[in-house]
């Protein structure tokens, strides 16, 4: 009996020794950079980034290499994840005092963290990065919250209007004249829809069945409305202008002019499958479609999109920021400065087609492909993003419910926006 | 021997040691055997649960704010329409998944335990869906359910039936997710029942055959009663997993359309990770824990473990 | 029953179960075909079932997208240690809860169920903090500050899985099945509980240990949230958190994703097939009549 007992104890101890040994070995292998080299203080920068574009991650790999050669005492620990996972990781990291040094994510996510006091203001570092005048104003504006700069834009991602010139011709529309007003758009959409047995086989345009935020938001702005008063962190979406925009979308959708799809799921987009004539989308869609089928190059047209009382284009911005808790701010700022330099910015354009947002590169950029690139720059200049407030992410959930209740359901836009405001107020109570 | 088949008390499964003897006779070796597991469990599972209980009385926002708010979170829960809706959805989901998965799992286990060819292939085929991660399975089924390109609608149309919008339709979305979930988990039920079937002594069946008992009678009088510990296990774990349903909802519909597929854990996730209301989310999980614990206790008292079990 | 009676029931049941088996795996067969298509066919407007072009190299290309050899090794190692330790400590605990009388046994059993009733999203923060502040690990001093504790480590991945009570519950229910007479006979023979456990119960436990191994391996292999937050380095990633990389902003790379999913599911399938031999049909008891 005692023998068995001692055997058991020995087994458990052995198992734990083995496990500890393995863990130490793994740690040592990965942490050797931290224990070695007493002369140069080794610094490890922890980087959390959005990792949903392969060529973007490849680009960062090369930028990190460049950075390491310029800063030999710095190690880099980078993790990439999609939006939701990145958010989870960041929440846990901040909650447990193990925040990363640098974050690369969407502007609204970045600003919500700035609003939560988790980020370092960057104004004082600007002089090392070429000064404020080197950057497009709109981007600096977007990166600012309550008067301080927190985010440096890296990838601007406007959603321009792509349309099928061949389908236009079929429907008797002029392929060189894409719609410019809401009325024109609604008219074209109906004319371009093809139905068989009452079912839509080819939509006039892609209008999302759910998660239609990126479709709706620019329309609200074009109508003179605003989702948020960003300077005061207030919700302003419950307005007649926004209601008109939402009702416009719902009325159009209910005419049966689009295939059913989810605005956030980028896989089964009708336009990419050749099942619709128009789509508000980013340049990647064009690249994907023409790579798979080069004959489409002449069949797809570009336009800035619609305008009503003003111009507005949904234009995402993915940006770099530095956390307040970072113990390596100097090195972090070196990295951000490197990525923001003219050299690296142009490299991103060449490798990934990313729109350069430095003033000095504008002319060069437009001269590369005047027709398309001018459209892109105009989109960036008129760009709006998801709400840059402390409550951006919360808002998306309730807006989705509001959108669905009007577009799929039978609520009026006015009613659903009032409900949206009520829900938001409740959610924002501490 | 009488014609009736019955199991003697010592053959019936359940705790054999009656409660009086437990109180008087404590064999310390029991603690010793339980200890290695319980040490890990206590520190890495129980302590976080207690931490969650503590957080549920605060307004912790995932960063620097943490103030005591007493029962405020709990009071707010009952006024939270979407949370109440998520509870209903979760219960509906439970009813639609728990019984089917166990019944089908049992039927398949019995079929694949008996006189039949290709057992290994069939058992593997039923278990494979369980091996794939919920995320992968959700993505595959989202593709199947796609209204325009999905396999299901194409099948319906070719049979002359009307296509449906499935995950985009508030009437069908939850049911569609249910079908996928049951499909995935049948294999798990089958495997556990197969193990349970192994420990039914063969002589019981032999005796029954001598008595001329048919297949159904053998099932009702021998198989099902002898499987009661296994059934209890599967029922409790199915209940617990029902309440924890999250990944499929998060990947496929994110709670929509119109909150028709949001579940309790989906709400907890939203409140904690999107709205940064960790205190409030913790109170939701404590409420959920209490509901599940009550269901489990009820099952332990009135279910197959009957009078053998007592808490204390 | 040693002889296989090939009567009508045998054939009918075989055919029915075979057809049902095919139906069960049909979504996965679709996924398999997808894994062999070129990306242009996957993204094309026309949906095909069988690939028009059989691109077997997808399987190789999928493994080149990132450090897959490392991810698979990590998952393998973590799962192997988890299963081994779990088999030992869970069956011991299950046996104690089912067959050894001791005070507070039922309460302790109920408390082990509690841990399963709370969603991981809530408990993971305290657990994370504990692992990060583990004294004397990963550069921490005796108070647990200064370093990273068990972050980015195998132990950090393994410990929360070992702590799960699912296996204890499963073993307890299994051990409840044995007749009273087994323990009584052992006692008469002068066997202690511990010896009875090793010499009588363990040999009879092959079905439950095989089941536990398979289910625990499946669970550990499929873990997502925990590896997501405890690892920051590419070299410590596990399979599940490496798979989403195939979901790109330009659209999901379905063919490679399906290929990677299938490759990474094969070890579990092999384990299941291997474990099947321990599902011995028939008599388990040693012939003691109740």
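By letter and in written order, the chains are A, B and C; residue numbering begins at 1 in each of them.
By definition in this document, a contact is a pair of C-beta atoms (placed from the backbone, for glycine too) under 8 Å apart; a residue touches a chain by one contact, two chains touch by 3 or more.
Not measured: the values here are computed from a predicted model.
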{"item": "Leading chain pair when contacts are tallied as C-beta pairs", "value": "B-C"}
{"item": "Reference chain B; chain at largest CA-centroid distance", "value": "A"}
{"item": "Interchain centroid distance [CA atoms averaged], chain A/chain C, Å", "value": "36"}
{"item": "Separation of chain B from chain C, taking each centre as the mean of its C-alpha atoms, in whole Å", "value": "16"}
{"item": "Where chain B touches two or more other chains at once, by residue number", "value": "32, 36, 149, 272-273, 278"}
{"item": "Junction residues of chain A, two or more chains touched", "value": "5, 88, 95, 273, 275"}
{"item": "Multi-chain contact sites of chain C, meaning residues that touch two or more partners", "value": "88, 124-125, 192, 194, 244, 252, 254"}
{"item": "Complex interface listing, chain A residues touching chain C", "value": "1, 4-5, 11, 15, 19-20, 22-23, 26-27, 30-31, 34, 46, 51-54, 77-82, 85, 88-89, 92-93, 95-96, 98, 100, 266-267, 269, 272-275, 284-285, 287-288, 292-293"}
{"item": "Residues of chain B touching chain C in the complex", "value": "8, 10-11, 13-17, 21-23, 25-34, 36-38, 40-41, 43-49, 51-52, 55, 108, 111-118, 120-137, 139-141, 143-144, 149, 151, 154, 183, 186, 188, 191-192, 194-203, 226, 229-230, 232-233, 236-237, 240, 243-244, 246-247, 265, 268-269, 272-273, 278, 281-282, 285-286, 288-289, 292-293, 296-297, 300, 309-312"}
{"item": "In the complex with chain B, residue positions of chain C that touch it", "value": "1, 4-5, 9-10, 13-14, 16-18, 20-22, 24-25, 27-28, 30-31, 47, 88-90, 92-93, 95-103, 105-108, 110-119, 121-127, 130, 159-160, 162-166, 168-170, 173-174, 176-181, 183, 192-194, 197, 207-208, 210-211, 214-215, 218, 221-222, 224, 240, 243-244, 252, 254, 257, 261, 265, 268-269, 272-273, 276, 279-285, 289-290"}
{"item": "Chain A partner contacts - residues on chain B that touch it in the complex", "value": "32, 36, 59, 61-65, 142, 146-149, 163, 165, 168, 170, 250, 254-259, 270, 272-276, 278"}
{"item": "For the chain C and chain A complex, residues of the former touching the latter", "value": "39-40, 43-45, 77, 81, 84-85, 88, 124-125, 128-129, 132, 137-139, 148, 150-156, 158, 192, 194-195, 198, 225, 228-229, 231-236, 241, 244-245, 247-252, 254"}
